[in-house]
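Common to both upcoming complexes is chain A, partnered first by chain B, then by chain C.
On to the complex of A and B.
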């Protein structure tokens, strides 16, 4: 009887493998192969421009170039700045929005539909929209501020280094808030209401309920949101490509854009692959944290 | 009843799922196969930019009947891929790197030396009378390793565009002819929400990027980008003076210029009547006189670019057609390019789209001169230097130069420091190429 059961399970397992094989092949082709190829390319010197495609082993020179080049260090610093500020801003704003949507007055489906509009926009469409908002002569942002009497001259939003970078940040935050807000809302709705009743009975005010009931209840959701948003912030590309192309004076170059420019514009494929791998490593570490956060918590029994 | 657990029973639902997965796999394989362009002896695949950038019949609206007749007479269908201009270089790089046949004919703009190894030298096979009707200098950016790898199809040099009404109101009788004139006139025309000069300084690289604009001024100063050995030769008085003119103009330049990444951004400002002068390509005359999009209809004049110490100079847009070495139909591709260069097609190109012809006989046609009054200006500009200094690493070089120029224009470094830094970076790029 035992032997029959084991053989049955082995057959089921083999059948399962057959069913999953097509999906695994697709994943290996679309994900694993490009990742592996990018890793290999980063150790090569790829000659392309002006001659046929050729490869020669370059050791760690591409990575040594990364450390040597000021532009890479600046792009890395800006990417970290961009990610940290975006995550903080998105989490705070998304939590506020989620709290409002969780309130009885905010529970109408209409608000949730409107909330999704920025998230539903295609990335390039979003970038073109903001390009016009930020336009120095015709943009609605300058028009609105001038109409309110807050500025006397048009501001060149994309004309100075830190201002341009932070305007791109603003545009990305606007697009990112809806999805994270919905994640937070789901997390809020999973917090049992009796916890709030118990807190009120114990004399807790609104702020104390938020700190001692809401935030602990949202812990897993917050971790997941932080990790996901960090990954998305690290790989921002469309806004830079449409709005500034890295200008002014490379001050809005982030790692993902730099990798693209080196690979496709300058045809320095090995160096571009090295930059991409650094970015991949950063995102992989964040992904590991994400996966760990998703694991069901094991409650330790004592006694 | 005992169930036999020695065999796995496949239910009808499981069978249907398996059959569905199999059918989906077959459909996917067919779809992937159809994604690869096939030349079945009757189709030419052509990569060109989308309008309003220069595009051939079938993409731009001109010579449609003649095009249909060509296809019927030659037994070839023509399939166009027409992405926005900024995507062309990346597409070609990816296509060539794949080693697969994708296109027969490709539009090229300053990238011929970069992709030289993938292009066919077909110019010698063009009819002699056609080649003789093309400006000899138009092949300078298309020749690499002693081979002519493409043919320019539109005479596109940067020239000056100015608002005649603005100049008239300010009592200025003619457009600026020298650098000092340019700075003086621009200053005089700046004020009351209007600027004397506008240009797109937001993108550093490529033809039409800020580095290429500086190359106009560099040649006007008598300078050049490379010496005879191919090393940078602009870290000198000419290079610095060229950049200093651009810096001096900033007080009269639309401040948004530093953020305009495309020429259309600057053109919009000019067409709205908010700027008095700019450099632009010849096609601009048509949209600037289109009442649907322009507020300066009938008020646009053109002139050659102001002269520096060495005279006037410009750069070549190098809009060309090239043929891929992997094309299975090189002869048909060449014939299609001959069609694009046909006199009547070239004439319709300028009359219907605004992009000037490259054939000298068509440029001198009275009907063309009447419809394109800037044709005479372009011809005059072409008598002055217009080198675009294209090399295999044109993008990397212009990015390096352009970024330093942007810093100087923003006031964060001097023109001399910018030129020195640019020269050092270009030296490194050239040495790396080997």
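On to the complex of A and C.
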């Protein structure tokens, strides 16, 4: 008996190796290798020589360039601004939506479908949709505001630097709220209802219940939502590509877009890789927070 | 009593506002995609239903526009990405969940962390390698790259499911003399078909919607629907109706899938993200 169990376990282990191999090979090829290579590239100067490429050691020059170039500093600042505002707005709006949908009045499946529509929409379709809404001459936004008497002449939403960035932010928030709201809804439903009953017995009003039961119960979900949303906000690309291409005067260029443009338009591969690595470092720190937020539960469950 | 009334009043108001804000832009896009340019550029916009036409849709599906072939390319790429992702991913997920792999928790955490790499970090070296191996602008190249973000999701979701399969079931199979492979093939897989299928749907949506890798790794032959739309909106900026019609066409399949499989997305994936 003992021996067959051992043999069976050995078989299981061997099968486990076979089963993980394909996934490991794919992930090593398309993730591990490129991440390593991108680090190496950021220390090189890459030139397109005829059909091929030429590589030349460039030391820390690409990173020194980062500090020197104003466009990078501006893009970094704007990325941070974009991410902070997006996270705050998305978390508050999503929490509001989740609270409404968790109330008996909002439980109907209809509202779940409403949430899924903006989430599933192709990001490029989303960008085109907002391009049309923001259109200065025929867009519904100007027409609605004019109809309400709020503006006298059409505003060129994507035409002035600060405004354009904020309009992109608005479109991105609209697209992002549903998924985070779904996360929070799942989080709300995991809070045991006896906690609310106990709070009510102790005479807590709605606000006190929210502060002392809902918020602590949502803590993990909130941390995860903040981290995921920050990562997604740092990655924004499609909206910029379709709505402004970085214009006016490079004022809507964020880090991800800048890295793409330096690499694939200006063909400055080493410098582009250096920017990408800065972005990577930012996201990696956020990923560590996510993993830490998930971990305590795991230990509890195993123990 | 009055407070209760007030709460309900505000809630109904809030829910209505939420519905309007979430669906309004989408409905607006669909409505205007059905109107001729002359209606859209009238002031104020001419919403007379008598003008409704599917002309924009017919025009954008014309073969010269690239949207039709884009939709086909997106379909092929999304289908193969989710199929390959499911096969490789379910095997890895089962191994991590049930086959005593050492450090399986640490491996899973790493897989999860891979979700958080910015695409730009991996795409620069991949582009250089793929240009040299002539994989740029091929279905195969894009599918492989898409596996980088599909595979981790698939493994993550399915691992959670495989863990919920009762251990007794597998023990019983082992007692009856089934090898681990047979147990997986004849016991675990058949009862996992619904979650496998649903995970595939999720992967399909993600691959279909992808834009960033596609714009870098495709040129002419395998332009996806998203690329076709982005190009269209750059080139023919003033053909608003056609621009919206192509956006609607590219969104219908994924929005429909999301609604049909909403139960899974809500219960399976969303909860999986907050529960390790």
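Quick note on the criterion: the second predicted complex is superposed on the first by the 279 of 303 C-alpha atoms of A that agree within 3 Å, B and C clash if a C-alpha of one lies under 4 Å from a C-alpha of the other, contacts with A are read in each partner's own complex, and residues count from 1 in each chain.
Operating definition for what follows: a residue touches a chain if its C-beta (ideal position, glycine included) is under 8 Å from a C-beta of that chain, and two chains touch if they have at least 3 such contacts.
Given the structure is predicted, the values throughout are model-derived calculations rather than measurements.
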| Does chain B (first) or chain C (second) touch A:286, or do both, or does neither? | second
| Looking at the overlay, what does A:183 touch: chain B (first), chain C (second), both, or neither? | second
| said: In the overlaid three-chain picture, which partner chain does A:135 touch, first (chain B) or second (chain C), both, or neither? | reply: both
| task | Scan A:22 for contacts with chain B and chain C and give back first, second, both or neither. | result | both
| Partner chain in contact with A:111 - chain B first, chain C second, else both or neither | second
| request: State whether A:267 touches chain B only (first), chain C only (second), both chains, or neither. | output: first
| message | Looking at A:8, would you say it contacts chain B, chain C, both, or neither? Reply first, second, both or neither. | response | both
| request: Would you sort A:48 into first (chain B), second (chain C), both or neither based on which partner it touches? | output: first
| query | chain B or chain C: which reaches more residues on chain A? | reply | C
| Touching partner for A:100 - first (chain B), second (chain C), both, neither | second
| Doubly contacted residues of chain A, that is, touched by chain B and again by chain C | 8, 11-12, 15, 19, 22, 53, 135, 137-138, 245, 264, 269
| said: Help me check something: in the complex, which residues belonging to chain A touch chain C? | reply: 8-9, 11-13, 15-20, 22-24, 26-27, 29-31, 33-35, 37-38, 41, 53, 96-97, 100, 103, 105-106, 109, 111-125, 127-133, 135, 137-138, 140, 143, 147, 174, 178-179, 182-183, 185-187, 190, 220-221, 224, 228, 231, 234-235, 237-238, 241-242, 245, 256, 259-260, 263-264, 269, 272-273, 275-277, 279-280, 283-284, 286-287, 290-291, 294-295, 297-298
| remark: In their shared complex, chain A is touched by residues of chain B numbered 5-8, 18, 21, 25, 89-90, 93-94, 96-97, 99, 113-118, 144, 202-205, 254-256, 258-259, 261, 268-269, 272, 274, 391-393, 395-396, 399, 403-404, 406-407, 410, 412, 433
| field | Residues of chain C that touch chain A when the two form their complex | value | 8, 11-12, 14-15, 18-19, 21-23, 25-26, 28-29, 32, 40-41, 43-45, 88-89, 91-92, 94-96, 98-101, 105, 109, 111-129, 144-145, 147-148, 151-152, 155, 174, 179-181, 184, 205, 208-209, 211-212, 215-216, 225-226, 229-230, 233-234, 240, 243-244, 246-248, 250-251, 254-255, 257-259, 262, 265-266, 270-271, 273-276
| What part of chain A is in contact with chain B in the complex they form? | 4-5, 7-8, 11-12, 15, 19, 22, 48-53, 134-138, 154, 156-160, 164, 243-250, 261, 264-269
